[in-house]
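Look for chain A in each of the two complexes below; its partner is chain B in the first and chain C in the second.
Up next, the complex of A and B:
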């Protein structure tokens, strides 16, 4: 029962947070100079003040700010994110077309970074003076310092051009025909480089943290107890130590979720990945306010869901968290 | 005399320090007989816990190592065993409980799982059988409502209860030896007495020999059959508890005993016999010196004490490593 109460409580917080995000986003977009009328006028090759006013009146941009804000929130609450003047399509449709591609990239990168990062961290904590340890430290430094787009371009040059193992761009090959399995394989093939590029930064972070966390746990009294029970080094490390070393890593992964999404924007641009990132970039250049707001809204939603999941995972790992309301 | 269960011969343990290898245990020999309770006594840092960890094969990795001597358990030398052989003994034939019950249990597993795990590991029990046995063991260490407490997590238990769980884990496989490293130091006084009672009763029931590491002389006289007084990594004195306490043959033992206040005295009464042992244990680097390491704190010390290490002298079953043992 307690778990449902907690989820309910978190969901309420999440809803309030979303509304706050909506207000903030809308306000900031309004503070920025220029609007869609400018873009339309520019695409028409110029317009006089009268025409500009007409366009603004048509899109409701002449209303006072608070009225516009109220109308916007009202629309969002009824699941209407507005209409993109630039793409001539409802924003929801635009986003749902591209959200799966971004989610695929983000989740794959996050999972890759977590699994490999934790494994590397555990391994280097078990052998603190070994070669692996120096490798992890060096790799972490590199992964954290190198800009995503640079890593991406290097990988492209290396593994698409010089050694043509992977496709250069896009998410799928339109010429490939076949069943679900063939298409999934094709997408997986296209995913390899973008996922590695996006995952590398976070892999570096997680491996460093899990190494530190693991080193601390390995010195704890209950690990000594586990050894005194006659358990094998593998059981001691993976059963008794790892589960206790995970909470800091899970917390960080939850916090980094938003960073992974913003990293995805860059990676999508480098690899022409048909996701939200590309949409965001074009709509910002086109001052397509409804689309930008829609993307921001969905990003916030994904981050909030990510945090909610983090909470639940923490409860699964650590029984002491369950006791707290 | 019965054949000893555990026989330590000339054990030398070295620690790797920045300045080089330094002995923490030097030329230590002792015996543990089946079913008896042997107490290791001494100040912090004198090597009691280090000896226990050596018996368990749990010396800190890459820092501590056995540099010489033998640890004979049932005729086999544990100092020569590989890790797999040691693991099959640890928690099975020799088990250990620690000083800190609050942190010695894994916070993310139920106490039942932590008990059942040893049974599955060493006795090859099925999941259900091990869980059922865990309930029996919780009951045996006198935790009320064992059946419902078995799925509790450590944070739902008090310090005393956690130490009981540790005892249940340690006794799960009916070991021949239980090493209790200051099992009550972190607990309050009434709980201390309960834990000692429990250890004594269970030791008697199962015939488990107990090595009790403590600096509580009261516990020693109540629990132990024989005692080993350790000082700076060496044995100062050993023998049956009664003669050692009534007539210590080493000034350090004497000092330890006169540190203990008795409640019999009136609170206002002056206690000229309640004294302290002046000074502190010498630095680790000087543990290897050819001298009596206690000399700097001993009011009987002379040049001989400071220039050569005293040999062991026997007084019946009591042994003392002091040049002046016969004058005490």
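Up next, the complex of A and C:
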């Protein structure tokens, strides 16, 4: 029962948060100079006054701010995210076209970062004075400090140009013919470099944290007891220590979920990954307000769901959390 | 320097070898051309959306009445002949017989009339067809455009992406053509290729139209435009062979690197009609010092154009001296180019009544730039003008709409800008200097607020002068006066380059670059 109360409470917060996200962002977008009529003119290499007035009138941009805001919120409450001025298409269509690509990238990068990060962390915690430990620390720091753009381009030069293993851009090769399996394999092939690029930042974070957390747990009394009972080092590490070292890592992973999404904007640009990040960038530059708000709406939704899932996972792996619903 | 020269020689040698090879070789049928694109088009119908993003796939999907070769001579395309009549007040087009749209319907003069009307009503370049009063359709293959005055720019305006012939039975269904759903999907075109799919931010896939009106063409089976926004990623794709061709490349660093690659050909040919110019615009209509012609001339004298050409542009762009692109037949380079002369600059500023104060400063100005790539020019301007006592503050670039809002409402002193000629002065040049076109809120109008009745008169004459020699003389005078008044200081052309694999035969070298029909392009082997 407690769990349903938690979920209900979270959902109420989420709904309020979403409305706040929309109002705040609509206001912010309105403060930015220039509008979509300017960018449509730019995409045309020039325009005349008549055409620009026509665009502004058509999209209600000549109305007072408060009228525009009211109309927009009203539409959203009736589940209509509006129409993109710039792309000439409904915003929901634009977003659903790209949401899968971003989710695929973000989830794969998050899983990769978590699994490898924790493994590396555990490994270096078990050998805190070995050479490998320093290597892991260095690797982690490097991954964390290197700018995504740079890592991406470097990987491209390495594994797309010098050793041509992976394609340079995009999510799939349209010239490939074949069934579902062939297409899936093709997408996986395109995914490798972007996922590594995005994962590398978070991998560093998780390996640092899990190392620290493991070191702390490995020094605690119950680990000494377990060792005294005569359990093998492997069993002590995986069954006793890791289980207690994980919660901080999972919490961080949940919190970082929003950071992964914003990291995706950069990765998508470098690798021409057709996801929400690229759409976000284009629509901000184009002042395409409905599309930007739609993306923010969905990103907020994804983050909220991500946090909710983190909570549920925490309850599964840490019995202490279950007590305080 | 020597190394550069050597690579230039190598490139030239390679270029001529290929030109020779192309002559000897018979084009082959088949293959998929992978073409890079730097931006996603809003949609694919050039009748209601200008710009290079829509233009490239748009010219493959839709045929225009005319096409242009490499030296500005019109060639028959959908129109097999065209003729001026009634002292330049009518233009009679005879359409190719048997031409059909992608849905099988015949292309008739009704469609030409409808296309002209659509472009007239929706295209941002109003000057292309605003003198067309009506289009007569005496029979299915004859269209007669009636004009209110002679209009020599008409021929160019009927080429490439500027007048795509769109089917009346599809786009004339009563919906607004500007937001017609079939601009992005199920496009029914008249060109050599038809649309298979358009995935925004991913790719545009075109397929050979088997019933294209020119027998045996196009040679390619498919064209895949891959949308890759990052210039470095496009460069890597060209180098590793994933991409066959990329047009409108202007990242100096990448272009230099590609030139060393034996599998790639790098050329700046094909951008004469697009005519991109970089210039420093002055707010002529402001209260400030830039309203004084002598101040503007002094600023031009203080900026070393050679440094911009050789250091910033690395020698890969051409010098611009006037508002007309040096590749245009109407260009007259015999004007004052304002080679650096600090003494002259100082003298002009003294004469204009701006003496140096105790700190050596005469006055302060701000400078903006409309494109992150022109940041070095803005910084160089600041450094150059400090030498003649002008204190310049560089306003950093936020994004395009922010800049456009500011400039188009005339809140600036100076700005670097990039503007296209679009082939004929009437289309892309007049707008910058015409006193009728001072329109707050409209970017790339006469945002300088420059006004000179003599220039207005010359433009009015040039717009309707049919005789090419007389027309050239008019625009020569126009360029002379502008170089003296200097509402903007032109420095260089944008170094647009086409980079293509040596496997590509007949790359688009006409005046419209990738906005030319690709029916002749083929892949070797």
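Couple of notes before you dig in:
Here, the second predicted complex is superposed on the first by the 301 of 325 C-alpha atoms of A that agree within 3 Å, B and C clash if a C-alpha of one lies under 4 Å from a C-alpha of the other, contacts with A are read in each partner's own complex, and residues count from 1 in each chain.
In this text, contacts are C-beta pairs under 8 Å (C-beta built on N, C-alpha and C of every residue); 3 or more make two chains touch, one makes a residue touch a chain.
The shown structure was predicted, so the numbers you read here are calculated from the model rather than taken from an experiment.
In the superposed model, A:161 lies in contact with chain C only, and not with chain B.
Which of chain B and chain C touches more residues of chain A: that partner is C. Of the two partner chains, chain B is the only one that A:244 touches; chain C does not reach it.
Once chain A of one complex is fitted onto chain A of the other, the partner contacts of A:177 are absent, as it touches neither chain B nor chain C. Once the two complexes are laid over each other on the shared chain, residue contacts for A:228 go to chain B alone; chain C is not touched. Contacts of A:41 after superposition: chain C is touched, whereas chain B is not reached. Within chain A, no residue touches chain B in one complex and chain C in the other.
The residues of chain A lying in touch with chain C in their complex are 32-35, 38-49, 51-52, 86-89, 94, 97-98, 153, 156-157, 160-161, 164, 167-171, 174-175, 269-272, 274, 278-279, 282, 284-287. Partner chain A is touched in their complex by these residues of chain B: 56, 58, 86-92, 95-96, 98, 100, 103-109, 117-118, 121-122, 153, 155, 166, 169.
Contact residues on chain A toward chain B in their complex (touch as defined above): 220-222, 224-232, 240, 243-244, 317-320, 323.
Within the complex formed with chain A, the chain C residues making contact are 32, 34, 40, 42-43, 49-53, 122, 124-126, 179, 183-184, 197, 199-203, 205, 222, 224, 226-230, 232-234, 236-237, 239-243, 399-406, 408, 419-420, 422, 428, 431, 439, 441-445.
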